[in-house]
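Here the structure comes first, spelled out in structure tokens, and everything after it is commentary.
Letters A, B and C mark the chains as written, and numbering starts fresh at 1 in each.
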Amino acid sequence: MSITLQRSAAISPPARTARERLGDFLPRIVLAPSFAAVLVFVYGFIIFTGYLSFTDSKILPSFDFVGWKNYVRLWSLPNWWIALENLAIFASLYIVICTAIGLGLAILLDQKIRGEGVLRPIYLYPMAISFIVTGTAWKWFLDPGIGIERIVRLWGWSDFTFDWIKDTQMAIYCVVIAAVWQSSGFVMAMFLAGLRGIDNEIIKAAQIDGATNFKLYKRIIIPMLRPAFLSAFVVLAHLAIKSYDLVIALTNGGPGRATELPATFMYSYTFTRNSMGIGAASAVIMLMMIASVIIPYIYAEVGGGNRGR
Amino acid sequence: MAADIAGTAVRTSRVTRAIIYAALLFFAFYYMLPLYVMVVNSVKPLEEIRGGNMLALPQQFSIAPWLSAWSTAQIGVQPTGLQPYFLNSILIVVPAVTVSTILGALNGYVLTKWRFPGANIVFGMMLLACFIPFQIVLIPMARILGLLGLAGTIYGLILVHVVYGLGFTTLFFRNYYEAFPTELVKAAQIDGARFFQIFRRILLPSSGPIIVVTVIWQFTNVWNDFLFGASFAGFDSMPITVALNNLVNSSTGVKEYNVHFAGALMAALPTLIVYIVSGRYFVRGLMAGAVKG
Amino acid sequence: MAFLEIEGLTKRFGTTEVLKGIDLAIEEGGFLVLVGPSGCGKSTLLNTIAGLETVTDGEIRIAGRRVNELHPSKRDIAMVFQSYALYPNMTVAGNIAFGMEMRGVAKAERDAAIARVAEVLQIRHLLDRRPSQLSGGQRQRVAMGRALVRDPQIFLFDEPLSNLDAKLRIDMRTEIKRLHHAMGRTMVYVTHDQIEAMTLATRIAVLKDGVLQQFGTPAEIYNEPVNVFVADFMGSPAMNLVPAKGRQEGNRSLLALTRADEPDLLLGLTGPSMRIAAENRDVLIGIRPEAITDADGADRNSKHIVEAECLVEVVEPAGADTYVVTRLGGREVIARMRSDARILPGERVPFAFNMEKAVFFDPVSEARVA
């Protein structure tokens, strides 16, 4: 007689209730509205505007495809070139000066300064106010009639002129002055955080090695601030390309078109000049400009960061 | 003393230190100057500004510009002052900040404690959305608001600010909750707590700091916004930034500088007060937004 | 004349006095270890020797020359830091060469020096790497290489091994000792680890709250601690410190230690410690675990072993030894017995007290009295 083993029926796990299965999806359900909103209102809209840039939209969106016509037209418009040129001047000065002032102030503040607690908030508060307010304040302060020019003249130098804000060649530099005033404190905060993160023992080692203060900063400390430089550049470039509020308040694009920037160009061509197709095209170009700065940065951070870990 | 003050252990001579303090004070003046100019000139009568030195203290102290800016100044075609638009800003900011913060917290919670395949991609896409130039969405948003019947309304602006604030609020909470020990969540799960209970009882009570940072950041951004206000607000729903610009830029004839400055200060006061009161948290928000990951 | 002399050194930060009148000296080629708990001022003392901190009062002399006012780079010293302090944006070679660059040494010479040092420390294969690509132990070698290449009169070490894991710490400790023997240079070493202090030093300075507690050879510090703090701090497991009272019974000088539910344990005193009994004095007796053993394991050379039965509370087998815990004078007392001593908790077992190794402290002043 053979002994056979009886296999018991396989025990299956209890079936999950519908409620439990729903619970599994709850996180995704909670996230969904936000994600959907971003998909639609950001990516969807980007596609929409992108599509419009290939149509002959004027006052209202139209869906008649016209190929590259808007882009060709865009690049033939002198106003667009003025806007781009202004952006180049503005952005490069803005980034360089903000970085220089920010780094300088951060290094100075890092020298065990008494009263740092008072100075730092003073340097930073401009970030808290609207670009419109900044523009308003500087607009009159730079105005030759009542601002700096007049003040200096009242102090005795009756030949002093400072009418940049009314000068088509120089007005863009006024935008730089106001923008630097607004943002350099923030750059300072970034560099200060970077400096504070530097191990003091490295400084001591360099002192024992005989490095002068100058060499210390040049060879050791500033190279260690590379991440802060990168972050500052990305943030400033981003702000520069998007600049709209400040220009509107300060000069409203003027005098004439002297301070036209891509952002103001887009707005006026879309909403007041009834050339929505061209406006859309200019918006797409703005997006590409920002993407060309942001995407390499994120790639470097995420890609490189992972390796270092 | 050297041990008490923060800073790098670099040695500096007396002369150098004097130069350092001088430079720092110079820049302090540079930053305070516009604020000083605004404050001082907002209480001068107009003749004094035109006749005199912008930097001088008021010889005649007048509160009229502030009253005018608040209730009688000409904004567009209505002589209502900035008051109704100040109110508009509040009506826009409070709901927008509340909703976007709550959603950001939930999103951050889901993305860090309830990982699912593709969570990183979702986060990445939401993160990228922080950086777009808003010009790219103006046209379709105007259309959608029109279709929804929200064009030119406060509700429309609230919707806009919530949607475009989601990227940042999610980023803040996600980074904060990432550092939050997941073992606590697991322990709570073993104890039988479920999704919302864990959020409410475990994560939320410890979220004080990041909530403050997020609220301050959102408040500042939404209050200071101009582009969306200019694009989507109707005349009755304008926020104060748009109204201010209206006041300053479209006044023809006599330019009432003192009223402009008073109005600018009015528009700046809320965020300035928030900044002064919260200081440290404000900086944390700035840093978190810029130096992410 | 000692090579490094520290006289009356005082350091104040504002109103806080961090170093209070320190007097130390170390001969050329010696290895001075500054040891003490966190906050005792040992790192500050090292920094003043290096010149990274100014001196409020007192004098530091190297080779007879006063150096208080000299810049660190002019004192002919080199320092190895706890966090290695390698320059992150330079290669290993660059790190080692930086000091030479600052001094204007020619490239050919620099390269030769780097090669020499790399050979000694076996880091030649790492010369082109960045610090972030190195392990902890490798970084420590590079930090030492940077110090070696200066060929200074004095090497300073600021807790260099604290960031390494246990095994690596022991390996590097041996290397430092080997380097010291090979080079014969004067070394000043800061640590909170008393084992490191004992193994590396020719002289130890024990510090507490900015005050020098004791300065002597490792043997002196270990066997003749000058106060309770030094006795307790050095040695692992720590020295047993038990309250006791002197008792004179006829011509027998005794020390009485209280026991729960039992008559006092009486230990006989000899030599200078006999006056504790004569004076009926309250003292703290300090006796190290290895001086309390089982009867067979007692030191045969000692002339003064006292055997007594004590109640065993806990037994801790530790491989090479067995630690047996009893309770005397209200305190836990640890005895070190041979590993094959078969003892169970709750038993009464004979303990052998080596009174030659016992030291006595005043309970109030904590200073040593005998």
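Just so we're on the same page, a contact is a pair of C-beta atoms (placed from the backbone, for glycine too) under 8 Å apart; a residue touches a chain by one contact, two chains touch by 3 or more.
Since the model is a prediction, treat every value here as computed from it, not as a measurement.
Student: Using each chain's Cα centroid, which is most distant from the centroid of chain B?
Tutor: C
Student: Report the pair of chains linked by the most C-beta pairs in contact.
Tutor: Greatest count of contact pairs is found between chains A-B.
Student: Quick one: report the Å distance separating chain A from chain C, using the average Cα coordinate of each chain.
Tutor: 56
Student: Report the inter-centroid distance (CA atoms only) between chain A and chain B in whole Å.
Tutor: Centre-to-centre distance between chain A and chain B: 15 Å.
Student: Send over the residues of chain C in touch with two or more other chains.
Tutor: Residues 52 of chain C touch two or more partner chains.
Student: Give me the residues of chain B that touch two or more other chains.
Tutor: 2, 9
Student: Give the residues of chain A that touch two or more other chains, as numbers and ranges in rising order.
Tutor: Residues 204, 207 of chain A touch two or more partner chains.
Student: Can you tell me which positions in chain C touch chain A when the two form their complex?
Tutor: Residue positions touching the partner: 47, 50, 52, 71-74, 77-79, 81-89, 98-99, 102-103, 132, 146, 158.
Student: Chain C touches which residues of chain A in the complex?
Tutor: Result: residues 199, 201-202, 204-212, 215, 219-220, 223-224, 226, 308 of chain A touch chain C.
Student: If we count contacts the way the header does, which residues on chain A are in touch with chain B in the complex?
Tutor: Chain A reaches chain B through residues 23, 26-28, 30-31, 33-35, 37-39, 41-46, 48-49, 52, 61, 101, 104-105, 108-114, 116, 119, 121-134, 136-141, 146-147, 150-151, 154-155, 181, 185-186, 189-190, 193, 195-196, 198, 200, 203-204, 207, 213, 216, 221, 227-228, 231-232, 234-235, 238, 241-242, 244-245, 248-249, 252, 263, 266-267, 270-271, 276, 279-280, 282-284, 286-287, 290, 294, 298, 301-302, 305.
Student: What does chain B use to touch chain A in their complex?
Tutor: 2, 5-12, 17, 20-21, 23-24, 27-28, 30-35, 37-38, 41, 49-50, 52-55, 103, 106-107, 110-111, 114, 116, 122, 125-126, 128-129, 131-141, 143, 162-164, 166-167, 170, 194-195, 220, 223-227, 230-231, 241, 244-245, 248-249, 257, 260-261, 263-265, 267-268, 271-272, 274-276, 279, 282-283, 286-287, 290-291, 293
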